[in-house]
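This is the structure I have questions about; it appears just below.
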């Protein structure tokens, strides 16, 4: 028997597979057994009720997709009354993703959501910070540090900072999040992209632009996961373009302690449980007893620091 | 008959199709007729002779590729003596791509390369600036402005600034380049990425990481081309993931005045001439008399500025 | 990839359970120039459907077409006795082009049945539906169900020219009365359709209205329904990623209690109350 | 996509012109458990090849395999009289798996002939080659050419076990003398191969050495060549993107005039001077 458990700071997950925020909900419970998952991660919520972006909210690009769902949210009261209790039936840690457009609101929801039944808080700092010319918090180390420091003061739960690929300062941002007390990094969110329908000449998304997810994102997010795991001491959770067991193994080797699966679930709703059993098979086949043999085992010994931490294609 | 010519500032190209730097050389002259192209763009050169990166220098990711060729260069003397004279046999503008690791060296090569036979200089500012903690010039508006100002002083030839997707400040960088006197923007270079061979656990590239090019890059580079063409008044040349006539049309609609084709030529060496004739057919079929009917014709009238200029996935 | 066919504990609002299953193509034939009929050999457990529900199809990748997301398709027919699932589709883009290349014996992964179908209240004796184009696919099973429940159904089938009135036989075969209106004969205008429906209402033969698709038809039926207090339902379309209710990409706006609410077409729909639906 | 077959004005350094052409598969059969032989129906203009040259194949996309870049393959045989182009390949990854799925009649886009092939100097009467594994594919046409030019050729074929010595017949058929050494029989060690070659040299029967592939063989032949002043050539491999010389990804290091130089395997190679080549 192989050991699939993984440690994320003080938490231990029964396996490293969990959904990515926004690609998972109670609706999936009929198709797969929620008890098989390493963790449950909910769609980002905001304190207040809000609508999302105009439709169409998704479109397809070659072998991947764009989305501009935005963060439609029923608000925190609804979430505490209906969603948290729902997940208590499962013996799986519940991770709640939160967001806000300024540090005060962020701290407010962070505190309010620190209730029994919630095991960790994922902080979606990829959304625009309206106090900083609309750039996302996660695009700059300074804003990352500010908001994470506020959040650290607002909750005793583990805080996972979810980074954005829309930056040239991945490593600085990762270090800032760690500095401010983040317990783990989720790497990463979607990459700002666009597609135009050449017949109608209209953008394919109602919101003009949206985030790229799926296989096209993988080499980018994998690079970020690798860089972050080299730079920080807290665990890194890989996310971006994972759809096979081999993708998971690649992220683990790069340094991720766990992974999130997003778009692949839209293509195959049973992707997560299939990958969990596939990972077990893979480890048996390759004589790998537990995940620590994989995590961070990339053979990069010769590489100079300047190469590991470069932030532009050479 | 349709009119395929396009204006790039003072230059007029017979059609909007040209190769991307580093994916084209004299070696292709046997397979296609160089006179059909809108312009010739050479591989980036440096002033001094240099080697490139360790091998393997390319690898494949799902439906796209990574490269870490680096900039092996035979130096400027070889280039002036052998390469420029070669291209004089064609009635096509020659665009020379240059790079350097600091502003002084950049200015030196810019001046030295401003010789008869060269019609424009493409400035590859996506390479690390060793005076600025290794970040590429094109990752920050300040360094972009500094280096472009120096280059503007060093040559009277049209200067095309080639931007990098490895930044969260696309629009600021574009504006800085324009401000400093760039005549056009090339959008964009490759995106820093990584792939690991899970059998050997070694990075698939000798240099650990490399740049993503090909279809996966398209939605990202298209978004940048759109944003830049909204932000600046100088022409934008689209580049990234183009392999079909439809891709070209999409970039033109997004606001590009011309496009560069890179990786597609590796898959089909005849891609460029095929796309040129395909574009002509497309225009005939759709009753489009000239390219100005396409360029920038995206129907985004309802979109707020805050949406056009956002830099993070919502 | 995945072809397990897990039991869906959380059921779709309307009735059944959701499964991801591998089916086999029995046939895939052109119905006329524009439409194709796909008949799948499907396991019993996905054939407990309701009219108006849909499946989410994992269209195959071919040399020319590589659709990434699944494609939603209304159930055109479900026949547990024959083990068959039918789809009627129009070839419009990459996904449906890939579907059109399927040959008998090929595998096709489908997810469903999904969504909430049409309802037929106990006291609705006379049902009237207006269908055009591929909307026929969505409404056809309603006729079947109406017959099963012994209701009378009138189908107004609209099309460009008489030749493309492909489902007339199907509706007739299910005992429905069929009225055809076509662009070619100039009979498909909204005024004429309104007059036809008005005629039915005058003789007391319309207890409920059903349609899907177009904005103009929605507005017409909303008006008629409101004037005469006749209830109605409409099946709506929207881009879909997950098809299960997770991603929230498929929302549409509805008017309810003087408020505008957003509902997911894949989960709260695709069938909605006609008066609540909003033209787009 | 593109299937024009443009004339290549700038020729490959060695001899001919380069074309991108659409070919048809004549057959694609297993040679033994590991290797497959692909025979293409190819136009005359790409059949003016030199031993050691290669083609760059656009492997098809299938449901399971979607290779993106082209794949380089040595020419295993070229037969202008039959209009045939042969490749011998080992199924190792996505691209070759996709190749293995090709059926007779299928189209395959190939680019070539590419690169610089083996040379046979006027005064080289006795040629000796050492081949192992898929290296046989690269060296086979050399035997054919040797016969055409009336040279004597000795082929040392190394393999895991006698069963996999697939090209023995081919080399024999071309009048070569064949010596087999196998791991199973314990005869494939470097010492034994060295002894065999030494024996030939002793009787004055080695004017040139040829090989491809392994580091150990390269070192051995470099040593023998240097000791006896026998020239030699080696065919090298490297990852390739363009295959034409444009991208500079396929460089290897060579020792020349006491300097280390980089050359492109696709353009200056794949055949290089044995003494200049560097083990890797």
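Which chain is which? They are A, B, C and D, in the order written, and residues in each are numbered from 1.
As a working rule, a residue touches a chain if its C-beta (ideal position, glycine included) is under 8 Å from a C-beta of that chain, and two chains touch if they have at least 3 such contacts.
Predicted model, so just to flag it, every value in this text is computed and none were measured.
Looking at chain B and chain C, the chains in contact with each of them are A, D. Touch-path distance (fewest steps) from chain A to chain D is 2.
Averaging Cα atoms per chain gives one point for each, and the point farthest from that of chain A is the centre of D.
For the pair chain C and chain D, the distance between C-alpha centroids works out to 59 Å. Remark: chain A and chain B have CA centroids separated by 32 Å (rounded to whole angstrom). With centres taken as mean Cα positions, chain C sits 36 Å from chain A.
The residues of chain A that reach two or more other chains are 61-64, 67, 69, listed in rising order. Multi-chain contact residues of chain D (touching two or more other chains) are listed as 66.
Interchain contacts close the chains into one ring where each touches exactly two others, per the touch definition above. Each chain pair that touches appears in this list: A-B, A-C, B-D, C-D. Touching chain D in their complex are the following residues of chain B: 22-33, 43, 51-52, 55-65, 67, 69, 72, 214, 243-244, 263, 265-271, 273-274. By the touch criterion stated above, chain C contacts chain A in their complex at residues 1-2, 4, 6-11, 17-20, 58, 66-70, 94, 109, 111, 238-252, 262, 267.
Of all the residues in chain A, the ones that touch chain B in their complex are 53, 61-64, 66-71, 126-128, 134-136, 138-140, 164, 166-169, 189-196, 198, 200-203, 207-212, 215-216, 218-220, 222-223, 226, 246, 249-250, 253-254, 297-300, 303, 306-314. If you check the complex, the residues on chain D that touch chain C are 60-61, 63, 66.
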